[in-house]
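Order of writing sets the labels: A, B and C. Residues in every chain begin at 1.
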């Protein structure tokens, strides 16, 4: 796939995470600036952490005005279509799940371009996907979703592995990316709907 | 303005944030080492985050012994003049407001020197100004001031915009910097005194 | 000492911190993936922060599969030998103390190789030693151990200073490293056992 398709995938992920961040911030009664800050950090935080780990400076999410515009649009839509969005049972987590798939795919793609290291690229896919949500949750002082009893980072991991099959040429590029996105987001959404959990280690104490 | 003036601005910001961090740590009954750690992270955290995003390694706040000395001095003064400092109604936030202005100005200046990118430099000014306070609040497990209902990041944004006018030559350099510092810190202090807030998005649920 | 000895020191520190992270995560009833994430961040977080500050990309803990394997092994052992490990009075802090000494030594060594700057190398030793534990505590929303009333960062500081004596040739290399590790971990363990504390600044308010 061309790089413009990947840029589009990155922007969709940004948009979805920005909505998830904005809804979480509205829920905490933050002011409009605070909502923008939380939305921006949720949307761009994973990518900024990935670019820092790649040694790619300045991080893309900070130097490119497109991300600001996408986040501003998401904040605007979240504020004005709250009623509609809040009909979803867990709106923050719904948009978070969409972003998860897009960012797992894009994160692997960018890291593999830079390093051609399979393990590192998979890790960067997962970091891109879960990093923004972790920062969002730490800032609003919740225990990060990634650490609670739900399928989350594991969905990102499956998406990242599908994407790496495309990078290595084991799958057609477009097939790999779209299946990474769809499988990852679907697993996460289905786990929310049917309350799938991974087993916890039985605590003895 | 010469670079030595900017270095001075950076050290004043460091000193003010170090006092704000030390007072917050004393308030939490941390030991002297913990107080130094919180003061150091509050004072240098924003600059370290900025230097990481700029790709400027090692971060200035970590390699230059002057910052340690300034922080140690601030911790010493905070511990011994507590009685005096605590007469202020919100001493942590008072010194935080002073640091905010100095760091918004210096952060924009350094980022513009490195990148000549206006949007990125404004973002780095805001990050330098609010980063240390966010790290302070996350460490002592408060919701960051920047996200609560007060004019904070927006004051840093106004300071950053004034500073960028100086970098672009639209204002005289010294005028731009001092007005950035004074306007930013004043807006923040006045918002504390008169309890100005930005509007929150009305939450429907 | 040869670099392979230092690599071994780094892996031991990683293993000890991974156990400490895994036990903290089991204690919070996280699922197996969450336990791995917390163990990995605790074990590799300090080194990743150090490498970012050094400008060494990608961070070693992320690109080298050995760290994954060590963390996976630690998680496996923590889950299956819980009963044994939990006989220790504070198992998380016990393994944390072991990791502290190894990482203080290794962090100074790596930073001094890169920069030959004494103050910065000491700071990096402390950051490597305390960084992972801070990230662990922030993620599970505890106030970081480093900030509570116990000898912690100060033990890492003493270890870092002993290591720097070796780097500067004032002590034999092996003597410096092993005394850094043993003194740092012992101070920390003894402070836990005998409840040593540094004085807090008396709070007036």
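Throughout what follows, a residue touches a chain if its C-beta (ideal position, glycine included) is under 8 Å from a C-beta of that chain, and two chains touch if they have at least 3 such contacts.
Remember, it's a predicted structure, so these values are computed and weren't measured experimentally.
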- Message: Chain contact topology under the given definition, line, ring, star, complete or other?
- Response: complete
- Item | Angle of the C-alpha superposing rotation, subunit B to subunit C, to the nearest 5 degrees | 120
- Query: For subunit A and subunit B, what's the span in angstrom between their mean Cα positions?
  - Reply: 29
- Task: Pull out every residue in subunit C that's touching 2 or more other chains.
- Result: 52, 55, 138, 141
- Note which residues of subunit B are touching subunit C in the complex, please. 25-35, 37-38, 48, 52, 55, 57-59, 62-63, 65, 68, 79, 82-83, 86, 138-141
- Listed in rising order, subunit A residues that touch subunit C in their complex are 52-55, 115, 117, 119-120, 123-124, 134, 138, 141-144, 146-154, 197-201, 203-205
